[in-house]
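There are two complexes below, and they share subunit A, which is joined by subunit B in the first and by subunit C in the second.
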Partner chain A sequence: MTGVSEPIGVLPAVVAEEQRDLSVRIRRNAEYVVIPLFALAASVVLFSLFLIAIGKSPLTFFALVERGGFGTAFSLQNTLQRSAPLILTALAVAIPARLGLIMIGGEGALVMGGFAAAVSAIPLLGHVPPLPTLCLMALVGVFVGAGWVGIAGLLRYARGVNETIASLLLTYIGIATMNFFVEGSFRDISNPNKPSTKPIGEAYMVGKIPGTDVHWGFAVGIAVAIALHILMTRTTFGFAARMTGGSMRAAQAQGLPVGKLIIACTMIAGGCAGLAGFFEVAAIQGRANASLIAGYGFTGILVSFLARHNAIAIIFVAILFGGIVASGGLVQRRMDMPDATVLLLQGLTFVVLLVSETLYGRFKIFQVAGAADRT
Partner chain B sequence: MTKLPLSRRRFLQVTAAGIASAGAGVARAADNVTIGIVYVGPRDDFGWNQAHAVAAKALKQVPGVKVVEEENVPETDACAKSMESMINLDGAELIFGTSFGYFDPFMIDLAKKYANVEFRHAAALWNAAKHPHNLGSYFGYLNQAHYVDGVAAGLSTKSNKIGFVAAKPIALVLNNINSFTLGVKRTNPHAAVQVIFTGEWSLPVREAEAANAFVDAGCDVVTCHVDGPKVVIETAEKRGVKTCGHNASQAPLAPKGFITGAEYKWETIYKRFAANLAKGEKLPNEVVGGYESDMVQNTAFGAGASEEARSAALAAIADLKAKKPIYVGPLKDNKGKVVVDKTYDNLDPFLFQIDFLLEGVVGSIT
Partner chain C sequence: MNQIPVLIVLVAMLGGALRVSTPFMFVALGECLTEKSGRVNLGLEGTLVLGAMCAYAVSYHSGSPWFGTLAAGGAGAALGALHGYICKLPRVNDIAIGIAMMLFGTGLAFFFGKPYIQPTAPRLGCVLGMLSSLEVKVLRPT
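== the complex of A and B ==
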């Protein structure tokens, strides 16, 4: 990203500079669109070769992906609904990544956030109206998630503990903690065969976005992604965070509050995952139980890396992901292929996209002389 | 809920029906019954999912029935979306949800949304007063087949120590452990059944550890109730002890030590539903049963089953088909308290409320 230069006056030189700046930005940004599209096309070709090798028709396959993921109103909503938790869990990876921290604790924060949200609602049911209850649940989910990943951030800052390992291990602790309570003191005894908390009840559930079958978590995910994009690219906080990501030592030498940045960014990350957990409970499950452990936190890692930790790109990658998963069922059913086929397509796509990372800056067409600063 | 998906569905249904019955008049075309089945894990897991997949395969052989399947569908909104996709894109008229967590809230909500589609769920959860009537339950009393396992196992142990690897201490699992133990007692009152709970439905590493621990402790027969019994059976076979299976056939995994196994026979239920559907009859809301209605079975005897064990097991099966009860009261739990005060019928709802381990079981729920 280039720094944003505010127009100061109407001097012709400044205008010319701005126009040049604009063309530079278009050419540079084109690189971020063309290379991923090229990579996607390449993975489609590779996967088609695989399909031909096992005697299946690539045309049928991609027609089914289109139909199952995007082709009908139902399919599209299916896709969007599946992408909703992924946007938030991907943001949980992307924000610390801008600081150079690889945090993979989204799953734990999602589970803990969702569990805490469900528990916080239980004493309020029937006494407090749904809207304030849901707001409280969301806040509890966000703060518990923030606190959870924040622990890994604090350990990193205060003791130099590797944040990747710490956040991963915290995930297991989070899952075990939820299981302990759900199978113990918070268990709904009327449900003898699946340990769960008490249900919050239909009246307290988050509804669907009007005119669709997609819950509000999708819209909130997009809003959070946009807000965080602005935070990371248009504020001094974001600038300091990205500078720290460039070189932590240099940032420290410049007097930036690196410790605070680490803790703030890890807490934002955990908050996003906790919010995803809240929506899983309040919009989908209606209670906390082992179904919260659905791997959204881990899928979010892939989404974030594919989106190059760019909050806006995460929205699109998450939708692409949702579409592939949504169409996976139709592919299984119509082509009599195992579930692993779609995993193979996903894996192939990731590898090709990651390889394509090495192509950035190698094509002259995207390069502009004298504009070498890039983060 | 908005009108959009509903009207779309109508449109699709009408279109599908129009295409299918083109030229066939009012009567439904013979091949127009589409049934969707959703699994939580892979279809070849040697366990719960495979038991359903085997039945789905048998269902596919029925003329006029088209089966669409989806595996590895988690108990999240993904299962609802998979089922909706089967309804909207494949025209499924009947959906079987085979995982416990699919029911509430997902299948309940779907049944309300799609009033013309029938939903049946594999656990005894449906309640006429609470749930929609295009939804229902089907379930097999697998504990009967575990009882038969126990009868054979009692005659197969020399050390009088039998190991049972169990997932979670919930009613369903406890019922199977108790029934297995009652079977063991029938043929060998001196044998004890040791239990280890792994705490999860699928924890292969801990399942292997438990199986090894049993063999180290002197057990010479091992059985289990976990989602995928593959690891337990293979580990026990490797250690040279005999095994009884669970859910589906694990006979190929243990060519030397396999005795028999407790298997569901979902095929009976699925074919019955399909027949109802083809005739345009109302589908029953609750179908539960055991040996007396051909809804559970035991795996064909393996090399580990002695002649004696075989004939005792066959006798036990004959008893169950004649509805002879397994829980004959009074029975004490393994702490000495009377927990079964009278004799319970084999299909008594009491069996879904079990929260104890009977005398003869070594282990604790807490």
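== the complex of A and C ==
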């Protein structure tokens, strides 16, 4: 900045400098808001063209999404219910992304965490009151999830294994492990319909937030998002993590504990996804079975990228996507379209959004003299 | 005495292995080519599913399995070209694009494949019409 050489005591100069600083910050940050919004709008336009091409009305479609996702108290609560696991699985992508690691193991950690939580509750049912049982289940879910994604972090640090591929493959192993036990030694033989573990029972379920139909997982998700945002932006740990994300070699040269940071961040990520699994078991399903594999882990990747790995933005994007997922049934019934329509919309949004990454730094309006230190 | 069943099991395993490994061979061959360019395409799951759906649909309509095979290759090439084009843009993460293509490809396949796996029975239009107007009232009480 040019203002550094000016005398500090001159008040108007300082005020002008502050104002300039503010406008620089607004302009810089505007880019991070405008481009994702533009990508979102572009994918809506593309999807509308697609709907017109197959002879459906895009207006009806988006009106139904609005009604099925946000229009009424019932659908809004349904949306918030679905956004709870999305917030947590998106955090599972966002925290390692700050380190420059793309971890996509959220689905596996969710499944393993949920399964471990359900199994850990079985011997306690009827002997221990619900609250300590739920606390233990949550802890087990978090630690199993953390361990699961932590494996990918450890492999990355100790052996240089590509963390994306490792976490993706761990997801398949996690799902297969749960299926193995649920169809084998932990199967509830009194339930012939679908291979499941024993139900934890109504008394042991996580309750609703008073006055609503939304379970506590939503509130916990928001609290975790805010806590992690503070951790990543206001602490030395977060600073070291972001510095490692800028350049891992430079961070190593500075003497930062890169290995510990990688493992800590991947474990936090896995813990978030495991917590999502715990809430899916303890608040929605009541038991662990194949319903846990609902794709929340993969939608969470999309949510995190759309929020640019910002923990606070994740909350809002997760609610938006929770609404889109929740409206799938209504769209299917009313427009006579397959329920995969919302999957297609998600995929299209994700592709357009990632393509929009190439637009950063291309527009003069966001570029400020002296602010060219951004890559 | 005991040798014949063992032989049968071995031959059956070999046959099964050949049958099951065919898709792996094709997908791995494709990924080999992609990785020669220094990029990773994680979206092959979506490419495979879309190819399968196109092959089924085209074979069903044309009556020739070979047209279906051709269509599957064409669909895969289209998704691959899209992935390649997006990867060449600056600052785009090829791994994330791969995941996006996986969602996009499976979404396309499920969307267009639905009519082929689920024959729809004739509906009771009038009753359903009433129900859907009821639904509006339930969802929107005002």
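As a convention for this text, the second predicted complex is superposed on the first by the 350 of 375 C-alpha atoms of A that agree within 3 Å, B and C clash if a C-alpha of one lies under 4 Å from a C-alpha of the other, contacts with A are read in each partner's own complex, and residues count from 1 in each chain.
One rule holds in what follows: a contact is a pair of C-beta atoms (placed from the backbone, for glycine too) under 8 Å apart; a residue touches a chain by one contact, two chains touch by 3 or more.
On a predicted model such as this, the values are computed, not experimentally measured, just so you know.
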Touched partner set for A:K194, first subunit B, second subunit C, both or neither: first
Which superposed partner A:I102 touches (first subunit B, second subunit C, both, neither): second
Subunit B versus subunit C as contact partner of A:P210, first or second or both or neither: first
Which superposed partner A:T133 touches (first subunit B, second subunit C, both, neither): neither
Touching partner for A:E357 - first (subunit B), second (subunit C), both, neither: second
Touched partner set for A:N78, first subunit B, second subunit C, both or neither: first
Subunit B versus subunit C as contact partner of A:T266, first or second or both or neither: neither
Partner chain in contact with A:R333 - subunit B first, subunit C second, else both or neither: both
Touched partner set for A:S120, first subunit B, second subunit C, both or neither: neither
Intersection of the subunit A residues that touch subunit B with those that touch subunit C: 67, 72, 74-75, 333, 338
Subunit C residues within the subunit A interface of the complex: 40, 42, 46, 82, 86, 89-93, 95-97, 99-108, 110-111, 114, 132, 135, 139-141
In the complex, subunit B residues that touch subunit A: 1-2, 4-5, 8, 42-43, 68-78, 81-82, 84-86, 88-90, 100-101, 104-105, 123, 168, 170-172, 199, 352-353, 355
Subunit C-facing residues of subunit A, complex: 67, 71-72, 74-75, 102, 104, 164-165, 168, 298, 301-302, 305, 333-334, 337-338, 340-341, 343-348, 350-351, 353-355, 357-358, 360
Touch list for subunit A against partner subunit B, complex: 67-68, 72-75, 77-78, 81-82, 179, 183, 192-195, 199, 208, 210-213, 280, 284-286, 289-291, 294-295, 325-326, 329-330, 332-333, 338-339
